[in-house]
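Labels run A, B, C, D and E following the written order; every chain starts at residue 1.
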Amino acid sequence: MRTMARLVKQRSTKAGLPPGTLIHIGAKKAKETKITIIDYDEANFQEREIKAIEECFIFKDRPTVTWVNIDGLHKIEILERLGECYGFHPLVLEDILNTDQRPKIDDYGEYLYVVLKMLHDKGKGGQVEAEQISLILGPNFVFSFQEDEGDVFDAIRERIRSGKGRIRKMGADYLAYTLLDAVVDYYFVILEKLGERVEFVETELVTNPEIKTLREIQTLKREMIYLRKAVWPLREVVAALERGESALFQKATVVYLKDVYDHIIQVIDSIETFRDMLSGMLDIYLSSISNRLNSVMKVLTIIATVFMPLTFLAGVYGMNFKHMPELEWPWGYPLVWAVMIGTGVSMVVYFKKKKWM
Amino acid sequence: MRTMARLVKQRSTKAGLPPGTLIHIGAKKAKETKITIIDYDEANFQEREIKAIEECFIFKDRPTVTWVNIDGLHKIEILERLGECYGFHPLVLEDILNTDQRPKIDDYGEYLYVVLKMLHDKGKGGQVEAEQISLILGPNFVFSFQEDEGDVFDAIRERIRSGKGRIRKMGADYLAYTLLDAVVDYYFVILEKLGERVEFVETELVTNPEIKTLREIQTLKREMIYLRKAVWPLREVVAALERGESALFQKATVVYLKDVYDHIIQVIDSIETFRDMLSGMLDIYLSSISNRLNSVMKVLTIIATVFMPLTFLAGVYGMNFKHMPELEWPWGYPLVWAVMIGTGVSMVVYFKKKKWM
Amino acid sequence: MRTMARLVKQRSTKAGLPPGTLIHIGAKKAKETKITIIDYDEANFQEREIKAIEECFIFKDRPTVTWVNIDGLHKIEILERLGECYGFHPLVLEDILNTDQRPKIDDYGEYLYVVLKMLHDKGKGGQVEAEQISLILGPNFVFSFQEDEGDVFDAIRERIRSGKGRIRKMGADYLAYTLLDAVVDYYFVILEKLGERVEFVETELVTNPEIKTLREIQTLKREMIYLRKAVWPLREVVAALERGESALFQKATVVYLKDVYDHIIQVIDSIETFRDMLSGMLDIYLSSISNRLNSVMKVLTIIATVFMPLTFLAGVYGMNFKHMPELEWPWGYPLVWAVMIGTGVSMVVYFKKKKWM
Amino acid sequence: MRTMARLVKQRSTKAGLPPGTLIHIGAKKAKETKITIIDYDEANFQEREIKAIEECFIFKDRPTVTWVNIDGLHKIEILERLGECYGFHPLVLEDILNTDQRPKIDDYGEYLYVVLKMLHDKGKGGQVEAEQISLILGPNFVFSFQEDEGDVFDAIRERIRSGKGRIRKMGADYLAYTLLDAVVDYYFVILEKLGERVEFVETELVTNPEIKTLREIQTLKREMIYLRKAVWPLREVVAALERGESALFQKATVVYLKDVYDHIIQVIDSIETFRDMLSGMLDIYLSSISNRLNSVMKVLTIIATVFMPLTFLAGVYGMNFKHMPELEWPWGYPLVWAVMIGTGVSMVVYFKKKKWM
Amino acid sequence: MRTMARLVKQRSTKAGLPPGTLIHIGAKKAKETKITIIDYDEANFQEREIKAIEECFIFKDRPTVTWVNIDGLHKIEILERLGECYGFHPLVLEDILNTDQRPKIDDYGEYLYVVLKMLHDKGKGGQVEAEQISLILGPNFVFSFQEDEGDVFDAIRERIRSGKGRIRKMGADYLAYTLLDAVVDYYFVILEKLGERVEFVETELVTNPEIKTLREIQTLKREMIYLRKAVWPLREVVAALERGESALFQKATVVYLKDVYDHIIQVIDSIETFRDMLSGMLDIYLSSISNRLNSVMKVLTIIATVFMPLTFLAGVYGMNFKHMPELEWPWGYPLVWAVMIGTGVSMVVYFKKKKWM
């Protein structure tokens, strides 16, 4: 049931409800909702875990960059209050809760809403799992919504804390880019692990192809489909940002988006390459089965072809006719043996010549 | 005959008739034609089932939003009178009756004509059936035409009655959007059910692949083709609306259409994923057949290879030559047994080593 | 030889000739060239079969709509005179005679030249045949050129004669649309017949798949390719007309062209669906062959596995060793029978358990 | 080695050389370089074979149309002098010599450079060979460069000589069109011959499919790839000309280019159709092999199933037990025969019922 | 492990680092970093190997063309200093070090950054290896960065030294074009070698298809995927340059870029042709396996069908019934032989007729 749930989440519960109805779609992953605020500019920095969402409203009109990260989406009232305070469109709030989105970007003028997929491979049997990340980027704030605790943003937090590099000097758009970049960078980690599995299967295919090899090929193929689904639409999202369609992204940041775009193209390229390789493996698997059938059949044919004439001969001299002159010959028995061995040997020679042995 | 009828409806009866000829194409599904009127604005609300279509003409020039729903299309005169009163183009009326349309949108300036497919799975064996829904959207009215009673709009009716939410405050365009949204939302319900069947087949493929598994795979593949045919063109329809091509849709509603658009893309994505999965299953099915043939052949080969030499040996000592010294040996018989058992055992060892047993 | 001729007509006879050379390419289908004139406006109507093409030149400058239909193209002089009188470009005349055209539209300013394919299934074994129809549409005339007598236009003629409907009130562009519509409508008739054959093959595939089933699948696949070739380019033709690229089509008629366009899309959709279905059938056919091989092999294996050990046992006690104590036992013979029956039964039980029987 | 050379010519000799280096790539086909000049306008005509390329320079500034045809490209100095006199770009000269070009068009303002492929089937075993034709079209001249003598332009020469038709009245652009048209027309001749081979293979597939049938299918598939490679890019070339991008083509000639364009589309269409047909044949071939395996296996199974039980029975009564009451029965022997025949017949009946015989 | 590394390089080490972090991704190929400067204009020329990167800074503001080639990328400080002096964007420096890039072009206004792949086949077993080449083109300089020593630029160096041809007269843009051209030209060398391998496999497929033939087909298929990955994106790069999007390329040079573009298209075409051929070979391989199975099965069936009835007959006359009249007949034994030979011969005749022998 997991496999399918991963691909098509249970949305049917929403059918018939008015748009903007806030219902959390997807498994309740985090136990507690955890809200962290990081507020900084070049000179100042504070980081805080807050209990009530209202605590972050004070940052709304400050010139500093405020990053509010929310892990766990099942407490709907948090989103409701946030939406009221910041004036987010009801559909944005609905989409945050609906964790079965395709990566996309919605431009609401004063703020941008971006959906993307953070991949990790904590799943059973190394299965890749996608966690939906929603970003809301405003002039001086970034909200990030995650389904569960644990993410790929720790290095970013550290960079902000230490104040090294460019990040503290730049605005909220650069922060949003950094988050995007971190997510895309982690795709390479996932790809490498899948690459190792592909390679392992390939070795197995040469040494010992079995039905479970086939299953692994199919599993990997499906992982690729799953990855593709998560990454492919992101391409358009970043392309839209890079074309400078939104005024929220400054020109200095857009250069970096081109870099992210290249990475996404590379990820997609690798996925396609893996898919091609896996298709090739399927062909090899299928023909190695046929080959094995061939070699089994050859053994059978050789055995049958050698022993059937001999058994026939033995049968002939086992007949009980009164008048069978050969039986009386003193050299009859050795002669028959000679004929039989001769027949057998010539058969073997014939098969050797035909390269069946 | 049903399968095909579902894919290609009997249109040949229309060949040669002038355009605009009103002939109902498709099975007569509803027994009675049922016309319901819901008329509302923020303050007022009335709901009524009417007998004659003329009863709704009085709403034509009122500022309130009027939703006229018509179940059952075989009474052609209703459409004729409606067309005269509201000035609908003859081709619109013809298309409403012709239930074999692709989803499409025709913009006639004062009104929009939209065809879409409502899916349900009441068909035999869980077969998905598409019912054609025609919508005519004017400045202050929506006409909806259905082939049969029973739809996915009950929640909307309830929302209008109760006056909760946005719907009573918005215009006819929002109502049209809501109907569209309800139809698309129900696609997820259908997809989930199909997903369960896909999953069931997948399990069966591992435990006990049979020819009927193959048939189910093919059936599901066809369901996906059928779904795709119903959903794919809708994408363009909503994209056209969302681009704001029609003046009948206000800007506030267009935001919601983007949401519907995303949902349709998601549905199409899922269909494609299912198709990929089903193709993979076909490969597994075919190679599991080959595998089984392999194992059958191995059993045959083992049996033949073990017993043919033994039978030959027994045949040799069943010969009736006068001079066969071995036959006279006191230990001849046990010796032969020893040779035979030795041969047999070494064969088995050989096969074990070759992993055939 | 027919099959190929249907797909690639003998054009090589034209290689090296100057452009505009009038040579009839394709089989000479009609015995006689038959020219019919229908001339009408809202008040007047006349219909006539004429012997010499010159008789129609008098209608050239009249305001009425003139429809000249020519069945049979082998009399090249008719076209030559027509071309001179109306000033048609030599390439138009050449294309009319060259019945191996793709559907296309050429806009020569004062007149439009349209090539399309009329399908019928009079061919051997229900084979679909395409007859090329050329239309020349001017401000007040339509010329239609057919390879052979017999068409799908009788209903149109009847409508003009009777004066019912819109046709007598509209111009030559509407007449051209009507002819187009009639041809496209007949595609549905062809599709339905093919659909029945597809369905028949599908049933046969379940009950009794044979090599001829495979051939029929391939034949149907080829019919679909043939249809696609005839219909697909028509899409662009009608799309070009519908975009209002030609001044000869009035706005009121363009609305109707959108309807024809929708029908063509539907035809193409159905063809694609049939192709998908036929591919699926091929898979089923191939795996049903493999399945049958499997079941044949199982029978062989069961027989061999049951009787080979028994025959061996019988062979053992047919040996002629002097000292074979079992042979002397009074219960030896029944004992052997018991062992043999026991072995056989346990084999059968084993196969039942493995579900081979 | 031929096959590959046909597909990828030896270009590596050029790697590292500066652009514009004149090296003839491809086999030296013509023994002698042959230069022919045809110079004409409506009133005058002269045709001459010249020894030195300089002889044609006098025509450069005359208003007449000059067609210089050069067969054989290995004399590089000819090109060099021509280039100097007419001011052709070094890359044009390089491309003329490099006979491994894709069809393309380069617009250099004062002149157009067109590469196309003339097909003939003089190759071994009817293999299609492509000869590169380079055309340089100026305001009043056309240069045509061929790898070898022998072309499809004889009919054009005849038309110019005789002065019939349009050609002598038109400019150099019309001549260029005529050459293009002649090359494309000959594609139909090639296609027809391939069509006959496709048909022959198809017949063979029904009557007697062998491994060589498969090879022929693959050969034809490759011919189609080869053709496609030669024709497909020409489509864009002619489309570019037809869009009137070059000022060298007058409007009256552009109409004719549309005709050539239609022919190219038709050729491509036919190639695609053939490819589809050949794929279908491959499926039929493969499943006819499987079918034959099936029928071989049935014969084996029938024989084994009939004779194994009988041989077992004979073996039983060949045992040497002292106490075998059946052996003493007077009717024992006929009874056994009766049982054996009965068993055999019932087996045969069983197989008939299962339709294996 | 190499195979995979070739396709997906270890980038995971970079995940989480800030953009612009300089880390060398890819194997450290060159032992030493080698920097060579070639500085020239039409009159002057100097060539030098330098130890410290600072030595090249003096050329920055001179009007001569300066080509700085750097082999070996692991010394990050070189890049850092270079970036500071010339003001390159940090992302450019990062991309130079990240040798896992797709070919791409980034236009930074004052300079262009181009990534492309130089192919060679020094890899194990003739495996194609791609080395990343980064070019930075400024108004009067070209920087080329290579992973390892050894390149395809020696002919270019020689041309600059000798002062022959156009190169010394042209600017830095022409130099950049020349480098691009040299890389693309070498693709043809690689393609030819692969073409030879394809041809060799094809021959092997006819004479002696084995499982290793299949593996070679798959290997070649993968080489094609690898090539495609390296070449395909370059098409867009050169197309962008050729469209004249960058002011750094002068019009005279852009003509040459069109030539490079044509070459790239040709390379891609050849790759696609090879892929089609390899797919065809796979089909032949698979069906030749099936064919062989067929012929093995025929031998088995013939042997079984000939000897089973004979053995049965011998078994019958080996029965020990008291009353078996045939055994007493003086001609019984020869008669049985006659029957047996007759049966055998008629079987052989039957198989000959069925073309199994």
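Please note the rule applied: a residue touches a chain if its C-beta (ideal position, glycine included) is under 8 Å from a C-beta of that chain, and two chains touch if they have at least 3 such contacts.
Quick caveat: nothing in here was measured; it's all calculated off a predicted structure.
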Call it same or different for chain C and chain D: same when shared residue numbers make up over half of all numbers used at their interface. different
Taking each chain's centre as its mean C-alpha position, how far apart are chain D and chain E in Å? 26
Between chain C and chain A, distance of the C-alpha-averaged centres to the nearest whole Å: 42
In chain E, the residues touching two or more other chains are 286, 290, 293, 297, 300, 304, 308, 311, 315, 318-320, 324
If you start at chain D and step next to chain E, which chains follow, in turn, all the way round the ring? D, E, A, B, C
In the complex, chain D residues that touch chain E: 1, 3-4, 7-8, 10-12, 14-20, 89, 91, 94-95, 100-102, 104, 106, 211, 214-215, 218, 221-222, 225, 229, 282, 285-286, 289-290, 292-293, 296-297, 299-300, 303-304, 307-308, 310-311, 314-315, 317-320, 324, 326-328, 330, 332-333, 336, 340
In the complex, go through chain C and note every residue touching chain B. 152, 154-156, 159, 164-167, 178, 181-182, 185-186, 188-189, 191-192, 195-196, 198-199, 202, 206, 255-256, 258-259, 262, 265-266, 269-270, 273, 276-277, 280, 283-284, 286-288, 290-291, 293-294, 297-298, 300-301, 304-305, 308-309, 311-312, 315-316, 318-324, 356
